[in-house]
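In the two complexes below, chain A is the common chain; its partner is chain B in one and chain C in the other.
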Partner chain A sequence: MEKVGIVGYYQVKPETDIQMSRPEMIFYAARGALDYAGLKRDDLTTVISATNDYYDGKTISNCFTVEAGGAYLKDESKVEMDGAHAVNYGLMRCLSGHHKLALVWGASQPSTFYYSCIRVLENDPTFDRPINLLNDYTAAALGMRAYMNKFGVSVEDIAKVGVKNHKNAAKNPLAWNEAQLPDITVEDILNSEMLSNPVTKLMHALPCDGATALVLAPEGLAKKIIDDPVWITGVGLCQETYYLGDRDLSISVSMEKAAQKAYKLAGINDPRKDIDVVELFEHSAYEELVLAEALGLCEKGKGSSLSSEINGEIPINPSGGNIGAFTPCATGITRIIEAVKQIQGEAKGYQVKDANRAIAHGQIGFCAQNNIVFILEGGKR
Partner chain B sequence: MKGEILTTKGAVRAEFDFWVGLYLDKFLDGLEQKKFIGNKCSKCGKVYIPPRKICGDCFEHIEEYVDLPDIGVLTNFTFTKWAISERRPRQSKNIKMIGLVKLDGADSAMLLPILKTEPENLKIGMKVQVVWSEKPQGQPTDIKGFKPIGGA
Partner chain C sequence: MVRLEYIKKQYTRTRRVHGNWYLASYQYKFNVKRINQCLEHLRKGELVGLKCRSCNTVSFPPRLICPKCLKMPDEWVHLRDTATVATFSGTYAQEAGDTEPRPYPVVAIRQDGSDTTWLANLPEGYDFFKVYVGMPLKVKWAEDKKGDFSDIEYYEPIEDPSIEMNKKEEAEK
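Let's look at the complex of A and B:
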């Protein structure tokens, strides 16, 4: 695959209640990413956003973010999915040869709506909505139980993922304050409020306000903009059926297929050897294990024995991951930015040693119905 | 933002008719008669309930309908005190038990309430039987839920 570089990025600090309007938050992210790269709005040829009309409380919500997101009198489009999907769209535009510079941003403000309630509107209106039993709590509970039951994994093993991500988040100044818990224990996780058995509050990603943005440029141009662009060398995307009752929730077929496509493009034969760090979008702690297994980082059911701490063999979510800051629509972009920072050596306080090749991941839908995997590489060998 | 001055309130409400298609219409007619009707892919033989228009595995139109029994297996479950609401989060008085139920002869499972037992009795693999509403009206909610066979 022809290389596309990430030449700028910006993360607005996620907050429970950010005390600014949605356009202001988006402006700081978009303008911040351009400033990082030393670019002006006029340099951009396209702008892609990730927002959700339900989360914004109005249809075609991108028509209100034109000025804030840098798309005023520009080529512009929107992805109603995760920010990582918007990055894929921007990547395709750069690879088409018709666009030179793409700004991609994602944002939402869950302090203004009830996230778990809005997710109910995602359900099949002909059956699941009248029956009314599915939201992000119950979906995660079904996924977690399927995984535990199939592989004999204990609830403590899953809580450990929550411990790791909360502790990592405490080292990351751009994680969500409420998720930065340096002294958290497995017991704290298990004793926190039960959302839907067996998922407790501290093993679930809780939404917060935030916006993130990055700038993409084709290879030749990227090298002119900054000295050390991080390159997207592979991408894979796959989705499975909506119906949870049709799926084996203990595994992720779509993640596995997405990863295989990305590995092929990037020339990765053994992810265990070839990948230095992984940034995953886990909606709930168990999902990190299911997704890591689907990436081929270990055998199925063995995710909890992976050495995934910051100084471990295969660090997963050194930034704290999605449990560390879940900003809907932005979080997939955040995963990519965090992987870029690791490769650049800019992840101060949670830096993985000698990271040069990373996986970043985004998803959408109940129990990760749709997964997208990026391979990112630096210039070091 | 929830500051008193910094936000304005707004509700979004819109009426929709969701076209259910003849395949789901058959299923709903079945419920009115306290019967389960699924459909079967002629290529792979997979039996879906509620019926699907298309088999995802085969990308084929499904034409054949099959009657299914009112008993099945609990393949997954959870229970929660949180109400599942599209309006605002709130806790219910009673813990709601929720299960994925695979009817005998079906390949897909339906997400439905589990009734007449306690959360600690729920087990993956347990046999369950439907509880119909007293006056079915051809709606998904005609299925009140499933209860353990033998009353666990």
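Let's look at the complex of A and C:
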């Protein structure tokens, strides 16, 4: 695959109730990403956004964010999925040769709506919606139960993932304040409010306000813009069936297939050796284990014994991951940005030593229905 | 006066402006002709699933399309009235009449003979802490059947022979 470089990025600090309007938040993200790369708005050729009409409370919500997102008189389009899918769209446009610079941003403000109630509207209207109980954490609970039952994993093992991510988030200044818990223990997680048995509040990613943006450029141009662009060398995505009942929730087939595609493009044979750091989008703590297993980082059911701390064998989510800050629609872009920071050596406080090749992941749907995997590489090796 | 108080609230930089997005009367179309065969059986107290002829996957409730083969399954197969719990949760919700959030069981049930699961009811007030994966269930039919999925009033837990067997095995050890 021809390489596309990430030349600029910006994250608006996620907050429970951000004191900004939506366009303002998007403006800071878009402007910040352009400033990082030292570009003018005129240099952009295309703008891709990731938002959701339900979250924004209006249809075709991108027509209201044209000015803020830098899309005035530009080739603009929107992805109503995770931010990582928008990056894939921008990547394809760059690879087509018709576009030179792509600005990709994602944003949402869950403080203005009830996130878990909106997720109910995502359900199949015949069988699942009338129950009125199937939302993000009920789906996570069904998956977690299936995973625990199949592989004999204990609740404590899964809570440890929450502990790791909350501790990592405490080192990341751009994580959500309420998720930055340096002294958290397994007991704290298990004793926190029960959302949906066995999922407790602290092992689940709770939504907060935020916006992120990044700038993509084709190989030749990227080198001219900054000295050390991080390259996207592989990408793979895969969609599962909607119905939870049709899937085995204890594994993730779509993640496996997406990862295989991305590994093939990037020429990776053994992900355990070749990958230095992984940034996963996990809705709930158990999902990180399922997804890490699907990436081939360990055997199925053995995810909890993987050494995934910042100084571990394969660090997963050194930034705190999605539990550290979950900004719907923007979080996939955040995962990519965090992986870029690790490769550039700019992750102060949570830097993984000698990271040069990273996985960033985005997903959408209940129990990781649709997965997208990016392989990012620096120029050190 | 109320309005002034609202402005004075702690928000100094932004103010929440309330808006509505009316989608409550949205309609969608559902292929009734296809599912009617299943509903007719339900009225008679029988269970049928749809089997895909190319991959032999049986779905209950019947799915319109087989995702693996991209074909419309059209072979109806009879299913037993027993089922098992595939996975479950008790989700904490506060519905009308509740003073505080309480666990509502959400149970994914696999009808014996089918390859898919669906979310269905357990008996009203059943303690979800007693539910486990692999728990055997039996359909409790509604008294006057209307020919829809509410004819399956709930799934009744039945005696699980594997518990006795496990106990015996452990005793032998």
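Going forward, the second predicted complex is superposed on the first by the 381 of 381 C-alpha atoms of A that agree within 3 Å, B and C clash if a C-alpha of one lies under 4 Å from a C-alpha of the other, contacts with A are read in each partner's own complex, and residues count from 1 in each chain.
The definition used in the following text is that a residue touches a chain if its C-beta (ideal position, glycine included) is under 8 Å from a C-beta of that chain, and two chains touch if they have at least 3 such contacts.
Quick caveat, the model's predicted, so the values are computed rather than measured.
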Exercise. Between chain B and chain C, positioned on chain A by superposition, is the outcome a clash or a fit?
Worked result: clash
For this session: Tell me which partner A:245 touches in the superposition: chain B (first), chain C (second), both or neither.
Result: both
Exercise. Counting only touches as set out at the top, which of chain B and chain C does A:126 meet: first, second, both, neither?
Worked result: both
For this session: Have a look at where A:137 lands relative to chain B and chain C in the superposition and call it first, second, both or neither.
Result: both
For this session: In the overlay, answer first, second, both or neither for which of chain B and chain C A:194 touches.
Result: both
Problem set entry | Touch count on chain A, higher of chain B and chain C | B
Exercise. Who does A:145 touch here: chain B (first), chain C (second), both, or neither?
Worked result: both
For this session: Answer with first, second, both or neither: which of chain B and chain C does A:114 touch in the superposed model?
Result: first
Exercise. Do chain B and chain C touch any of the same residues on chain A, and if so, which?
Worked result: 19-21, 57-58, 112, 121, 125-128, 131, 133-135, 137-138, 141-142, 145-146, 149, 194-199, 241, 243-246, 249
For this session: Could you please specify the touching residues of chain C with respect to chain A in the complex?
Result: 11-14, 16, 19, 21, 23, 28, 30, 59, 61, 63, 67, 86-93, 103-104, 106, 108, 110, 115-119, 128, 133-134, 149
For this session: Using the touch definition up top, name the residues of chain A that touch chain C in the complex.
Result: 19-21, 57-58, 112, 121, 125-128, 131, 133-135, 137-138, 141-143, 145-146, 149, 193-199, 241, 243-246, 249
For this session: Spell out the residues on chain B that touch chain A in their complex, using ranges where they run on.
Result: 1-3, 6-7, 10, 12, 16, 18, 20, 24, 48, 50, 56, 75-82, 84-89, 96, 98, 100, 102, 107-113, 119, 124, 139-141, 143
For this session: Show which residues of chain A lie in contact with chain B when the two form their complex.
Result: 17-21, 57-58, 109, 111-112, 114, 116-118, 120-121, 125-128, 130-135, 137-138, 141-142, 145-146, 149, 194-199, 241, 243-246, 249
